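Quick heads-up: structures coming right below.
Okay, so chain A shows up in both of these, paired with chain B first and chain C after.
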Partner chain A sequence: MNSLTMQRRVAIALLLALTVGGFLILIDGHNPFAAYKVLFFESFLDYWGFSNTLVKASPMLLAGLAVIIPMRAGVFNIGGEGQIYIGGLFGAIFALALPDLPGVLGVPLIFLSAAIGGAFWAAIPAYLKAYRGTNEVIVTLLMNFIAIHIVSYAVAGPLLAEGAPYPYSDEVSEAYRLPILMPRSDAHAGIVIGLAMAIILYFWLRFMPSGFQLDLVGRNARAAAYAGVDEKKTIIRAMLIGGSLAGMAGAIEVIGLKYRLFHLFSDGYGYDGIVVAFLAALNPIVAPLTALFLAGLSAGAGTMQRAVGVDSSVIEVVEGLVVVFVAAALVAPRNVSKSFLKTLLSQGLNSRSEHSEKKEA
Partner chain B sequence: MEPYLKVTSIEKTFGAVRALDNVNLLASRGECIAILGENGAGKTTLASVLIGLYQPDSGQIELDGSKISVTSPAAAIEHGIGMIHQHFSLFGAMTAEENILIGLPGEKRGAAARARIRQLCDDFDFTVDFNVPVASMAVGMKQRVEILKALFRDVSILILDEPTSVLAPTEVAPFLQGVRKLVANGCLVFFISHKLDEIREIADRVMIMRHGRVEGILPVATTPMTQMSALMMGQDASGQPAEKTEIKETRLDTVLAPKALVVSDVSLTAPSGAEILKDVDFTLHAGEILGIVGIDGNGQTELSEVITGLKRQTSGRILLGDKEISNSTITERISDGVGFVPEDRHAEGLVLSLSVEENFAFRSVGEDKFMSGRLISRRAISKIAEEAVKVYDIRPSNPKLNASALSGGNQQKIVLAREVARARNLLVVVQPTKGLDVGATQFVQDQIRAVAQSGVGVLYISTELEHVLEISHRVAVMAFGRISGIVDPQNTTLQDIGLLMTASPEEKL
Partner chain C sequence: MFDLVLLGDVLAGTARLGTPIAFAALGGVIAERGGLYNIGLEGQILAGALGAAAGSFATGSALIGLGCGVICGLISGLFLGYMSIRLRINQLVGGIALNLLLAGLTAFLSRQIFGAQAGGARVEGFTQIHVPLLSDIPVLGPSLFSQDPLFYLLIGMAILAWYWLMKTPKGLDLRAVGENPKAADLAGVPVFRMQYLAIAVSGALAALAGGHLVLSQVYVFAEGMSAGKGFIALAAIILGRWSPLGAVCAALFFGFCDAVQFKLQFTSPEVPYQLFLILPYLASLIALVLLATKASAPAGVGRPYDREHR
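Up next, the complex of A and B:
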C-alpha cells in the first residue's frame, strides 16, 4: 500500500473541506479565520476545552476502529451506533448486577461484557452478509434504531433508577469508574484504551497472518480465496471485532463519563466513527489523530458559536464535506475493485445523510 | 489517397517513463494496421490516447482533415473511434442486448435496435446467446458482445487490443473473417497483437513500436517476419532463430517417472445440474508437462480449480504423488508444494493494491520463510521479493511499488515467480502467456520447462494451441467436461486435435 500518497491526498481533502466550510462561514457573514482560530484554541489549547475534546475522542476512536476493521475486510459497518448502545447496556448490566468486585477485576469484565454485547449486535448483520448475501449497510443501519430503543426501554423500565426524573439507571459503583487523566475535568482514561486498541490493530493487520489475510479479503476477495482465505469467516471475524470495539466505546461512556446508563447516551459517535475511519484512510494507527481532530471540531463548535456567532451546524457540514472529499481522495490510490469503491463512496454519502436526518429528528 | 486519420508528434509521459515518444501515423479507411511491440512498448497507451482515456502531453490528432480533441471515450465514440480492450467492460448481470444498448436514449433501444443487433451478428457470423447474462458467457462470446457494442455505435475506427489472446483456436479464424469484413466495409482497424502469423494474415501494414517510439510502419506483404520481430525486440534479425532452435528437447520417458498427480474419475456438477467435469481421469508424471487444450469453457478452468483446491469435486479422487488430497484445503495443498498460476492475474493471481513484494507473500503469508517467530517479517518478504525481481527481471525493479503500476507481462512474472518457487510437486498453469509478447512468452515457457526438468509435474492449460504443442510432452484434449483424448504432440495433426476438441460426449474415442 502506498500510504504516503494516500495520506497526502487525505490531507488535501481535509484542507478542501475546511476551505469550503470557510466559505460557508463567510456567507454566514463571519470571518472564517477568526472562527477556525477560536475553534482550534478552544478545543486543543484550552485546558477545559481539551479535556472536552478527549472525552469525545475516546468513543469516536473506538467507533472509528469499529468501522476500519470490517472495512478492511470489505464490509461497511454502519452499525457502530447500535453496537455502542448494546455494549453500554451489557456493560451496565454487568456493573449493576455485580457491584462489589474489586476494580481491577470488575473493569476488565465490564469491558468484556460490553465487547460481547457489541459483537453480538454485529454478528447478526455479519451472518446475514456472509451466508445470506444481505446488504450489511442496510441491516447495520436499521439495527441501530432497534438498539437505541432497546436501551431506552431498559432504562425506562427494568433498569430505571428509583426516583429518577429521567430515564437512567442506578450509578455504577465507584470502584468501576475509569480514572480521570486531567484533574477536575471529565477527561477519563478511555482514550488510553482506544490508543492501545489502535496500536494493537495496526500491528495485527501488518504483522500477523490473520490480520494480513483479513485485509486481503477487502482488497481482492477472489485473490484471497486463491490464497486459501475463507471470505465468509473473515467477514464474520471482522464484524465481530468491529462490534466488540464499538461495544467497548459504549462501556467507556457508561463507566468513564456518565457513571449510569442513560437513554440516548451516545450522540452519534457510531456515525462519527465513519468519518474517523475515512479520514484515517482506514489505517488504525492514524485513527487516534483523526478522532482527536474530529472530537476537537465537535467540542469547539459550541464555543465557536458563542464566541464568533457562527452556527455550530457549520461544523456538521464540514464533517460531511470531509467524508465526501476523503472518499474521493481514496478512490484513486487504493484502486481495489471499482464496484467496491463505488459502493464505498455512495454508501459513505448515504450514511452521512442518514446521520444528519437522525440528528435533526 | 487522403489519409483519414493523421496522428502527429504525440508525446505522453508517466512520471519518468516516456510511454509515447514522437508518434506519427497516417492511416486510411479500409485498411487494417497491426500494432506490434513488446509489453510496455506503448501500444496500449497509444490506443488509450486515440480513444480519449489519456490526454497526450503534446501532439495532435486529425480526422478526415480536421483537428479533433478526444477528451473522453464518449467523445471518441462521437468521432467514430471505438476500442475493444483486453479486459472487457461489460455488465455481468445484464444480457448481451442490454450491454450493447446501455447508455443509449430510450427511443434507440426499441425493436428496431434489437433487430439491428441480430443483423450485425449475421453480417459478421457472430454467435451470441441473447438469453443469458454476460457473466455466464465464455470469454469468446463476451468479446463478440464487446465488438457488437462498438459496431452498433457505427465506429469507423476500431482498435482491437490483443483480440485473439482470449479466443479458442477454433474461434480465431471466424473472428479474423469478421475483422476482414469490417475492413472491407471501410472501417479502419488497429489490431494490437504479438502474433506474427495473425498479423501476416489480417493486416495490410504493421506498425512496430518499441520504448514508446515507432520503429517502422511497413507493408506486411513484403516484410519478412524476422525483420518485424527484430525491430520489435531491438535486435538484429540474425539473433532470433538461434533462440528458437533451443526449444527442441528430448522426450520424457513417462513410464519410468514416478507419478506426480493422479486424477481419477473426477466429476463436478454445478448447482444447476450441469455437468462441468465428467469422469476426468489422467496421470501426470514427475518431470512431465501435460498440456490441456480445448475450446474455451469446456471445463479446463474448473479442472485447474478442483486440482488446486479452489473448488471441490462432486466425486472422484485426487492424489498428489502417493498422498490423497481430494479433500485438502487450498492452504494444505499450498504447503504440499502445489503451485497455481490462475487464468486471470488481475482478478485472482495478484492483489493490485498491494506492493510487488507483498504480492510475493500474500498467498502463503504464514509460511516460515515469511515469518520471524509468530510475526510476519517484512524484511524477509523484501529479501525474497528482491531476489525474485532480479532473477525474473521484473521491471520496474522496485518491489515497493504497487503491483498495479507494472505492465501485464511483469505482473505475470510476479505470479509465475511466486508459484514456481512454491511448486515442489505440482505446478498448474492456466493461460500463462495470455497477452504476453514474444520475449515474455519465451521467458515464461523457459521457466516452466526448467521447473519440469527439476522433477515437478506441470499441468499446462491453455487455449494457445501452438504453445501447448510446443511445450508439452503429452496433450490432453477436453471437450464438454471430459477428456476426449490424450495425444502425442509430435505425431498428431491439428485436424486430429480439432476433432477431439469438438468430440461430442456420445462418441466413444
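Up next, the complex of A and C:
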C-alpha cells in the first residue's frame, strides 16, 4: 500500500468518526456543523484556543514519538505514561537540587536528566523483552502504575513544598522555565522541542544505518539476523530512545507549564501518544500533525461545551472512533499488499517471541 | 482486641475492593485462554456499570439492572471480538480504542439518561446477605459471610469458570484455540465461534465488575468510575497465572493491598501508603519475570488467526 492510499484511508476514517460524532451531537439536540465549527475554530484559529492546543500538543507529540520509535523495531511501548512520570521526577529533582545554574546550562541538563529517567524506566521492559522474552506490553503497563505511585510518594513526602495544601513540590527557579511562544498565554517552547525531535528522528530512520536497522528488525527479525543486525541491541536502543522522548515530555510539563512537580501531573498523555503514533502511521514527520489534531480535539471539547452546550464527552467518543476506524482502514484487506504496517498492526505483538523461540529450538 | 477489629475491617475491605477486580480478571482469563487479549476490560466495566445503573434506575430492581449491565458487557465484548477476530486489528489497539470509546460513550449516555444533576441519580442496589450462624464468627464472619450477593456470585462464577475451562470438552476446545488455533481448527474445533464466545463471556464478566461498583458499592453511576480496575485486572491475570481460581485470588490480594493502604492513611500516616499501592504491581512484575515460563501464558494469545495463512 503506498503512502497516498494510506493517507486517503486515514482521511476517510477521520471523516467517518466525525460523522458518527455528528449524529451524537444531533441526539444531544444541537447542530453538528455549528458545534464542529466552534470546535475547530476555537482550537486552531483563535489565539487563546490555539495556545491551549499547543500546550496539549507538546507532550502528546513527544509521547507519540516514544511509541513510534520502538514500534518501528516491533516493540509495543505502552509505558509512555510511566516514562513521562519518571522523566518529570528526574527533571524536577535536578531542577530543585541545583537551582542556581544559568538557564542555558540548566534547561538542557534538566532535559538530559529527564531523558535519562525515562530511558531508565524503559530499559527494564526493554531488557526483559530482549533477553528474557517477557511481553513488553504487560511490563510497561504495570510499570506505569508503579511510576505514578512513586511520583505520588515523592510529592507527598521528600519533595513536598512547605505549607502546600495538597501534594506538590517547590517551584523551579525562573531561569529554568521554558520561554513562552505566544505572549500572555501558556504556549511554551515545548512544541519546538517536539518538532525538532520529529524531524531528527525522521531523517535518522530514513538515512542512517542505525535507524534503518530498526525497520529491518521490525519487518523481519530473521532477515535482520542474517544481515548481521543484533536484534536484542536494536530493541534496547529503540526502547531507550522511546523512553527518553517520553521523559522529555515529563520535563516539558514540569518546567514548561506547571513549574512544579504535581501528583498526577500527566493527564494520560502517554496513552494519547499511542493514538498519535497510529494516526501518523508510525511516521515521525506526520506525528506533529496528528498530535495537533488530537490536541485540538481535546482542547476544543471544553470550549464547544461552553459555547454550544454540546457535551464534551462526545469528543472522547470521536477519539475512540478515530482509532477504531483508522486501525480498521489500515488493515482492511482490499488492495493491500503485505505492507509493513499491516503486519505490525495485526501481528506485531507476538511475532518477535515466535522468532526467538524458533531460534532457541 | 483492637487489632482483631482492624483485621476484620481489612478483610471486609478486601472482599469489597477485590470483587470488581476479580470479576474483570476472570473475564480476562477466559479471553486470554481463547487466544485473545482483552485490553478493553476497563471500558467494559464502565459499560456494565452504566447498564446496571440505567436498568436499576428504570425498573427499580437491582437484579434487572445487573442483567442490563451484563447485556451491555456482552455487546461490548462482541464488538471487541469483531475488531480482533474479523477485522484482525491488533488486539491492543482495538482494546485501547474500545476503552476510549466507552469512556466517552458512557459519560455521554449517562448525562442523557440521568440528566446533568451533580452526583447522579441514586439507584436501587443489593443489600448484604448475612449467612446465618457463619456471619457471627468473630473477625472472619463479617468479612466472608456478610457480603453482598455479588461476592457469592463471584465465588460461584470462579468455580464454574474453572470447572468449565479445565474439566469439560468445550473448555478444552477453548484452551486448544488459545494455544494453537491451527491445530484446533484441523481437529474440527470451530475456532472463530469459540473465540466470539470467549470474548462475549469476558465482556459480560467485566460488566459484572461494573455492576458491583454501582449496585453494591456507591449506588450511582459516575464517569470514569472504573478508575483503572480493568488494567489492574490485567495484572491479576498474570499473577494468577492464567488460571480462573488463581486470577480471583490474585485480584483479592490486590483488594487486600488496597484495603491496607486505606487503613494506613488513617492509622499510621508516617508509613508511606503508596508502598501498598505499588506492592501488587511489583508482585505481578516479579511473578511475570520469575515464575512465568513459556507454558503459563497461552501460546497463541494476541495473534489473530488467519485460516489462509500458512
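Before moving on, here are some points about what is shown:
Everything that follows uses one rule, which is that the second predicted complex is superposed on the first by the 330 of 361 C-alpha atoms of A that agree within 3 Å, B and C clash if a C-alpha of one lies under 4 Å from a C-alpha of the other, contacts with A are read in each partner's own complex, and residues count from 1 in each chain.
Throughout what follows, contacts are C-beta pairs under 8 Å (C-beta built on N, C-alpha and C of every residue); 3 or more make two chains touch, one makes a residue touch a chain.
Owing to the predicted nature of the structure, the values given are computational and were not obtained by experimental measurement.
With chain A as the common reference, chain B cannot sit beside chain C without a clash. Annotation for chain A, partner touching more residues between chain B and chain C: C.
In the superposition on chain A, A:Ala227 contacts chain B only, with no contact to chain C. Within the three-chain overlay, chain B meets chain C in a clash at only one of the listed stretches 58-66, 76-84 or 94-102, and that stretch is 94-102.
Taken together, the chain A residues at the contact with chain C in this complex read 24, 27-28, 76, 78, 128, 132-135, 137-139, 141-143, 145-146, 149-150, 152-153, 156-157, 271, 274-275, 278, 311, 313-321, 323-324, 327-328, 331-332, 344-351, 357. In the complex of the two chains, the chain B residues touching chain A come out as 309-310, 329-331, 334, 340, 342, 347-355, 362-366, 371, 374-376, 378, 402, 404. Interface of chain C with chain A (complex): residues 37, 83, 87-94, 96-105, 107-108, 111-112, 223, 228, 231-232, 234-235, 238, 272, 274-275, 277-278, 281-282, 284-285, 288-289, 292, 294, 297, 301-304.
Considering their complex, residues 1-2, 206-209, 212-213, 216, 219-220, 222-223, 225-228, 334-336 of chain A touch chain B.
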